[in-house]
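Look for chain A in each of the two complexes below; its partner is chain B in the first and chain C in the second.
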Partner chain A sequence: MTIMKSANRYLWIGYTAARSNLAYGGEVIYRCSFLTIILYIFLRLWNVVYAATGSDRVGGLTLPQMVWYLVVTEAIYLSAPRVASEVDEDVRTGRLAVHLIRPLSYVGGHLSRAMGDRVVRFAINLTVGAVLAMILVGPIPISAAGIVMFFATLPAAFLLDFLGMFLIGLCAFWLESTSGLALLYTRTVMMFGGMFLPLAIYPAVLQPILKVLPFASMLSAPGVMFVNPSFLLLKESIVIQGAAVTVFLLVVAIVQFLAMRRLFSNGG
Partner chain B sequence: MNRGVEIRELKKNFTLTRWTGFHRTVSEVVAVDGISMVVPQGQAVAFIGPNGAGKSTTIKMLTGILHPTSGNVSVLGFTPWRDRRRLAHCIGAVFGQRSQLWYHLPARDTFELLSRVYGLERSEFIRTRDVLIERFNLGPFMDTPVRKLSLGQRMRAEVAASLLHRPRVLFLDEPTIGLDVIARQLLRDLICEWNRNDGTTLFLTSHDAGDIEHVAQRVVVINHGHVVVDDNVAAVRRKYLGAKILRVQFHGAPRSMKLAGVTMLQESDTSGSFRSIRPSFQCVLLLQRCWMRVPLPTSRWRIHHWKK
Partner chain C sequence: MFRSFVDYLRLCAAYLRINMNAQLEYRGAFYSQVAAMFINDGAWVAFWLLFFNRFPVLHGWSLKDVMCLWAVTTAGFGIAYGVMGNAHRRLASAIAQGELDLWMLHPRAVLPHFLLGSTIPSAWGDAAFGFVIYFGFVKPSFQQALMFVVLSIVVAVVFVGFGVMTGSLSFYLGNASTLSDQWRDISITFATYPPTLFDGKVKLLLFTVIPAGFISYLPVESLRSVSIADLLIAIAGALGVLAAGVGMFYFGLRRYESGNLISMRE
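Take a look at the complex of A and B:
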């Protein structure tokens, strides 16, 4: 099959997943409401923090920049699809057979589906968050180059998160339940990815370590790129994201090979 | 003869690991123990047996999901576990308890997706899709989200989706499970018609005798990993389904009964075994006759199909 036809299959899976995501208007409204509440609460908290410090900058960001940073990181975090639980369910219920009987890569199919889900959710979250931020704190200086740099960090951020969750899901071949691991993973991303606090606020001794961990590439890098873009930061982000994606891809390939061997020899 | 599926001395052992404290015991479970059979292209085979007999394991090896311990399989000239991706273009599967349709979208969207997944030419896909819609009567609900469909409608859409790419071999795993009598018969007729008109080889797994008798031409019974019966449906019916035995547990002591066409095999204080060799005999009629003669506020009955 030609490369175009092969790519077309996966693009259509993503497109179908995106449409499926919009099937329930009520759920979309609920997610937007949840995001609105979270952002409003954090705005009030940061108001207090900025007033208490008496400074107009915390972690190198002004209050409006901090709110916009939160909009981006929350939009990314809340757009995460349920990859780990879907893979877990595939393994435990035997739905894996439905996937393997198709001329598709198992990980490729899940990646397409996850990206389709994620793009729609992220777009909605970012739009709602942006409207709220405009109302609450007003706009921040944004350039066209800054927008381009911001979007340049997103594909690798989404891919990294997908690979992490896919790895968790593959653990269903060995574990009774992967829900505990998934919870640990999401909370680790939240804490060490800079979702609530930019990494600049963390203790100086931890910042270099946190910057090279994959979690920062998922949340903090795009967030900072949006509010305070720079080419130096973009180069640094691309290198770290590239290295993280390479390592994750290798680990996923090895774990999937072992998992499939277990499936082929013992039915999973 | 055009050989669709060839199986030679297929075996599959699973490794069972048990831990007692720090001590590990490894044992082997033989799921499939030397199955051999040849299925010509276009034949409809019912692959049946009790739970744990090795049916699903065999089907999974034929589709490339499992690798055998030993033996050879050729499905349309492919070795399933080596050529899984290429074989996937030529086979289809319907799992009664697992859906391939997107739950929140209409079946039409899944059909469109499948046309891209299988790389179908647009004109060919539209032609096949329209034939399937017409034959499976999907028109009234093609644009209704799958979650809103009845089970009968969903299963028709599932089977139609599995035929979009015109597979040469179709695996049907309990396709009529949960369907009412009418929906079941309709689905059977559609599957039969497709088998006859398109020459699709069918592998049917079902616990429903009606599915087997209406859809299949050949019955392969598997138990403990072995083939125990391999014959055409008429021969199996003639040789093995000549009589029915009904065991009835009565509330009180039954009076002895003489019923036309029925032999009392065994009688105890509270139970009786009745045997009928009339193929058309219905157990519910026997129960009705028992109830008329003996009041049965509570009773249990068990049916055994017994070889003559």
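Take a look at the complex of A and C:
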């Protein structure tokens, strides 16, 4: 009963965050227009590449599959909430003190809010991207099993990204500004996660290394799972995501413990 | 007129000194933002390195051409918003919230004071990146090197003019911050991809509504051809964008009404 009550609190925070996200129409339009531009530019790019190679497959994907892959990775990347800057602001303004006296886990509260934000943003991005992809390149073969496997990779992908950004935010206890670090983190995810280029296009010597890094689990794995699902890829993704989540959780717990030791409360 | 121009250059130098002193009070934050933006730009270049490693030519454009495009765009962006930080994402909200009142109390024209009022720390990372990539990777001839320095200032003029143009929308549409940011970000996005990807109608758009052509395509063509004629066209285009932006601002300023909001210099 206590566990259910506790879970209800976090679910309610997530639900509130999801609803408030829908109130900012301007931001939704901004993300959708940016997604449209990127998809158009990359469709032009891949049209040129496929025509130049004379092949109907590049990196194992056809042109429509490449565009749909990009829809999924962009939808995930652009749905990321501003966790690092929120944690940074909490530390810098002292708002952290207000959070800590609440009967809620600090990281749990942020996780609920972030997931509420992310689910709504991802749904909107994916819907808009899917409509654009249908117009630009048409549909690709999709099976019910493939859709289930695709959605199975998403929760851990979102959780991994959240933990990474939360860690960056906690660095505010030691650094004057975490904005640079947050920018580096997002670029690392973009480059090593295969946002624009599927990992199969990277140099062969890099591919095995990139596949075991957590970044590929955030973007490339869901992307490939959508356009070219396979049970083998699902098994690999679950193992890598599971290991990455465990390591990230441990690191977040240690860093948060060390960070809280630097926290001092002054009266007034 | 020449004396007036020199006076405004001295104003620019004074503001730059003040802004940099303010930023360097928090050196760690300043240098980390510069370094992070440098690495961020490097990530985009790494993407193109991977791309051209697999697909060596893109409609006549090679890796060197794309490096050149990124160098001139980032150098121009960095100079523009390093010197005139308020031209980036501030003008639209300042107009909507009545913050121009403070700047209108300064002597002489209000726009230079407002634009010079702050610096964007990360823009210096972009500027450094542009020059490092061009001189380190492209390895230009002496004429190309001179032309690059001139073109980076030309592109900076385009960025400032376009920033003023998009920000001035708030005079006519109310709080146009989001629209202004979107318009500017879309232009920058198009400017960082080779123009050979786009066909005739889109290219027309890229020299009018979305001035990506003036930001990167014309400057890169000037550097490829080392042609003074192309350079003069790029300069004319930049001055045209600046004139349009300044015109929109001062025409909109006639419609501006002061509010009762108390504001402070940040």
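Going forward, the second predicted complex is superposed on the first by the 262 of 268 C-alpha atoms of A that agree within 3 Å, B and C clash if a C-alpha of one lies under 4 Å from a C-alpha of the other, contacts with A are read in each partner's own complex, and residues count from 1 in each chain.
Going forward, contacts are C-beta pairs under 8 Å (C-beta built on N, C-alpha and C of every residue); 3 or more make two chains touch, one makes a residue touch a chain.
The shown structure was predicted, so the numbers you read here are calculated from the model rather than taken from an experiment.
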| item | value |
| --- | --- |
| First (chain B), second (chain C), both or neither touched by A:191 | second |
| Which of chain B and chain C A:246 touches, first, second, both or neither | neither |
| Contacts of A:19 with chain B and chain C, given as first, second, both or neither | first |
| Touching partner for A:127 - first (chain B), second (chain C), both, neither | neither |
| Touched partner set for A:53, first chain B, second chain C, both or neither | second |
| Contacts of A:181 with chain B and chain C, given as first, second, both or neither | second |
| Which of chain B and chain C A:230 touches, first, second, both or neither | neither |
| Partner chain in contact with A:263 - chain B first, chain C second, else both or neither | first |
| Intersection of the chain A residues that touch chain B with those that touch chain C | none |
| Sites on chain C touched by chain A in the complex | 26, 28-29, 32-33, 35-37, 39-40, 43, 46-47, 50-51, 53-55, 57-59, 122, 178, 181-182, 185-186, 189-190, 193, 196-198 |
| Of chain A, residues touching chain B in the complex | 1, 5, 8-9, 12-13, 16, 19-20, 23-24, 93-98, 100-104, 263-267 |
| Contacting residues of chain B [partner chain A, same complex] | 14-15, 57, 60, 63-67, 81, 84-86, 88-89, 91-93, 95, 98-100, 102-105, 109-110, 112-113, 116-119, 145 |
| Touching residues on chain A, where the partner in the complex is chain C | 26-27, 29-30, 33-34, 37-38, 41, 44-45, 48-49, 52-53, 175-177, 179-181, 183-184, 187-188, 190-191, 196-197, 201-203 |
